[in-house]
């Protein structure tokens, strides 16, 4: 579905145009067309391919979706694939943004994303002095927005980990901790696969030989590269802490088992000792003087209580109970 | 066994020819021969070696089979080895495809593969405008087909993992989970060894210096490279999740052991307490007033029941039972 | 907040100046201005941007803080971000230092750091022969100070590990050890993220092409690079030992569990044997000669005691108790 | 000990010669001398050093043995060290082969190897058209033979792993499995240290700049490189599966422990319940009506049997027994 | 402390000289001075700095000690830092050797080393034909000696591991094994930090561009590089086996726990069965015919014995006891 189709000149908006008129505005210095599509149909993509003379393979990639994040050059056109990662009820939803950037056009399509990108257009239109740099700047603005949206996701995952850590060390039920650690790991893998290849791809847009469309905006792309580096670093930390947390959790499960065993043994002893004593005085020997004593019974009960009391004291002191 | 042997010119099929006539069609601009063999005998390979003047070492590799996936140049001939991976009753079967590509021929052989490649030929013949690019395009079409067939395998392995995960967290018997995780690991290693080296080899067919036969089709090979990158990434994710799943499973086994221990201890206590009380009233002291009471016996039974009831309540509350 | 703003010429201090006069001292050979800010406000940064004609993106990074350690070139200006790591009650506090270095100025800002850097200025002023090398030498002096402050942190973490190791092998409560190991791991990750990227960035300041401002001070930066290398190596060792310590700790927990189990079994046996014997003589058979013997009871008690004594001896010898 | 010393010309054998005459045949185009030594004494090596004018350091390496596999150039001489790995009673025995290859000689020495290399000479003499390529081809033939002998070793290790896997999953005694996994790991490390460096070294003999003696035989060395790559890959797979097998084995040990615990608890319950009931009717209360019933005793026994029968049914159903 | 200070010319010793005269012998072709210091004081180093005109930073590194192993160039001077690793009561002691090598001097200092290096000088003086190569050869001789001294350390660690392995598989107390494995790991980390960076640094002294002083002795440094490679490989093997040993040990602890559990259960059963039977005949039913039988008691004892005998047989057969 077409969202908007606008012509810019010298960084300023000229007019909204119907998509059929796009070709009228191409090839004029300082002027470019910015088209935005949402969940584009194959027909729409085909139409755009013709209008902008895009490469067949790039369009096919956009049609199939499900590409890995990348930045590719086809002649003087840059084809960029980026993944959006959005939080929905603490679950990660991955969407895809494909951008074709040529000397006089930007074609933007998004699929399976909840949040829109109209804010990017507003921001660009408010800064004509930057927008003057052309389609390369628009690519930067879009990429910057997508990358900025990774930060709250990372923050959420870090919070998740902290919460699980707290629960681990406070002795919450281990089974739930294990499940949550695993779920977090899964999210991390998803996020890493959105960020990692994009980080690598962003490296192609500054330093050394860069595609012509982004020549004037290299420093901006270095900035994006830097942000992705930082996100990657956070992901690495999370991974490492997660691995450690899983093994630490296993250790604590064993520690807990040990404690259970000890407590169990302690309570067992508190019952076994009186049972043994009772067993002794349940024997049927003819000659067992204690049985005849007037206070034999209470004395025996007392012995039992004292024995148990002593054990209890020892167990408490030793931290077994 | 020879499957087919066809001459193409300008991207269009000219004629099926007997293999003895191959040399008549070589060396003519715009014309090339495409031969397909299945489980070739040493004699057939030798015949082809002579017809196409192939390098001895490459033919020997094809004869032995069991090569690692690779793309090698011998003069102006490309020798490509690829592994097919097919699902058969959830087991992975690895086959091998060897392709010799020269300026005027494509020699294709397949071994131990269930699925054929006649669809590739049909597809190529339907697109003469692409086929015009020559043997390099045929190599692309074959490689693309092989790579595309990896995707359902990856999907199957991902489903397998999800199924095991579900079972792990629902507390299915741990022994079976462990076995399945191990079997999955094994499959993953098999798949990785088919995909990894091919990914690396595909990198030689685009960007920088490439063999002459593929010069006009570089963008296509970049596309294949990308697909392989994505498959590799999926394999990496699977590996990582699998490793995590194994350690998580171990954690859960320990958790389960802990729970077993607690339940065991609880039931033990429910039996031990009455046994102890009974032991006490089984003692033979002359003076044990309770024994003389008319309701001593039912009162004792009641005490036992109450003690057990209390314990049961505590155990249930503490989640031990 | 402005800390100081001083003009140097030929390595010697000329005068403290108000920040409004900075531009009067720029562009004069052999002369440079060194400004230090603490927790700078956006307004202050903006003012500096104008005075020194800094790049917008670099200033924005400084404004936001929270950048990864890096060394970037903007034209003839170096923008360096470094993290300070300070110990506060055994916790690590990460601060940030941003330095802009141009041919005739050094702009230094620090955020969230406890310790100041006035000592660096004093040291530089005492060595005019080195200071003569210009702003590049000031950058070295600042970086050197920050890097030197990592050493006590590393030392502290190494001491922490040693302390935990001691406790692990002396059988201290495993739960605490696990918690401490995890906390140490967390600190290590924090430190690594300060040191790692800086190490990499420092590599850009010596050997091969270096930014013009540091050309005369390359050997100094190699020295810093070396120190960072050593710190990195210590961090790697710590990581490796920590991972080993965690798994070793888990082993010891299992060993301890084993011992608990054995001790438990031993004590259980000491109670079960007399109970069984007592049970036998509690049977009500008419004909049980032992029951009639005058010394049957003490003899039985003696048998019990001997049996237990023998078991106790065996258990002690076998190391079970 | 000298094995043989033969002169070749144009790929064909000219004559066996005594080693004292070697220098008479050097320096003649198309002619080269091939000497084979076994467990050479320092004196023999010294003699060869003089005859062929070898570099002191290379000869010293050959004298000491125990070098890592490598390919080094000393002037126009290649010095290659390779490790043979032979199976002896399922144990790995590592031998060493040192080869000096110059423009007009091949000096081959072997130490601690069981199998000889006379087959290589036979094969070379049967193919004079290849042998014509000179000493480089002989180096290839020797290397190829050594590398081919790694394959059965790899196969053996793979069989070993499969056998252990089977035993693991069929519940064989864990202790033996652990020992065998460890032994397999040890072998793997040995094999890897023979193959890994050789793989790397072989890469120097094809592509880019190669030593002059092997210029005409590059494709052959690429073939060897490929074989080593494949062996390396197999070793990597084995390593990975082995690591997984060890952790899977640990999981199964825990699973088994869990099962033991449950079975133990079940049998314990089957004994504890009757004991408790018997305890109750062993109490000495005056008023216990059941004790007076004529069928009280068999009824109680029946209750015990029924209780145990029910438990047994429950345990079997729950998979505890 | 100054050890010796000698002038060499053309590879032969000219004279011992007092250190004050050093400058008289510098700058003469074919002549160089070799100074050896032990635990040098800052004053001595300062004096040397002046005599040889060394770079301030290098001298400062030597003064502080505690540098990582490295090879640095300062103009035409090489500054090399190496770590000695010595065994003292099975503990590793790390010392440091710093060497300054210029076109006409070698300044050698050692700190915290037990073994001296006078043997190196003796060896060099015995081989004037090699020594003629100048200070570069002396550097080689020193480095070679240090590297050779790593071998016995590696051997010791390998022996340690083997000894621990034996104990692990022979069932020695697990706690001691764990401690020893950890201690070995620690030593390994120490050794790796001495060897790893030196290996890397040695790579700068042969092949490609090398410092001028070592130009004639490149092959020798390649030899050292090779030795370090081999040591590194041994360290890697040790690390890998150690990690495996730790996890294998954990498995065996669990196996042992399992066995303990089974034995415990077996003995428990042997006591519980007679106790249950005794409990039954301890019941007070009026009608219990067995109690009246003349041989009821011995028969019951026999039943107990038979039951236990049968269980014992079963347990032994099942390997539980």
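Read from first to last, the chains carry the letters A, B, C, D and E; within each, the first residue is number 1.
Keep in mind that, in the parts below, a contact is a pair of C-beta atoms (placed from the backbone, for glycine too) under 8 Å apart; a residue touches a chain by one contact, two chains touch by 3 or more.
Source: prediction; values computed, not measured.
**Q** Hop distance check: chain A to chain C, minimum number of steps through touching chains?
**A** Contact-graph shortest path, chain A to chain C, evaluates to 1.
**Q** Based on which chains touch which, give the shortest step count from chain A to chain D.
**A** 2
**Q** With touch defined as above, tell me whether chain A and chain B contact each other through largely the same residue numbers, more than half shared, or through different ones.
**A** Different-residue interface.
**Q** Once you find the CA centre of chain C and the CA centre of chain E, what distance in Å lies between them?
**A** Chain centroid spacing, chain C to chain E, equals 25 Å.
**Q** Please report how many Å separate the Cα centroid of chain B from that of chain C, as a whole number.
**A** Roughly 41 Å, centre to centre.
**Q** Which residues belonging to chain E are in contact with no fewer than two other chains?
**A** Only 247, 250, 254, 257, 261, 268, 272, 275, 279, 282-284, 288 qualify.
**Q** Considering only which chains touch which, label the overall pattern as line, ring, star, complete or other.
**A** The chain contacts form a single closed ring, each chain touching exactly two others.
**Q** Round the ring, starting at chain A and heading to chain C first, what is the chain order?
**A** A, C, E, D, B
**Q** Show which residues of chain E lie in contact with chain D when the two form their complex.
**A** 165, 169, 219-220, 222-223, 226, 229-230, 233, 237, 240-241, 244-245, 247-248, 250-252, 254-255, 257-258, 261-262, 265, 268-269, 272-273, 275-276, 279-280, 282-288, 319
**Q** Which of the residues in chain D end up touching chain E in this complex?
**A** 55, 57, 61, 67-68, 70, 72, 74, 173-175, 178-179, 181-182, 185-186, 189, 193, 197, 246-247, 249-250, 253-254, 256-257, 260-261, 264, 267-268, 271-272, 274-275, 278-279, 281-284, 288, 290-297, 300-301, 304
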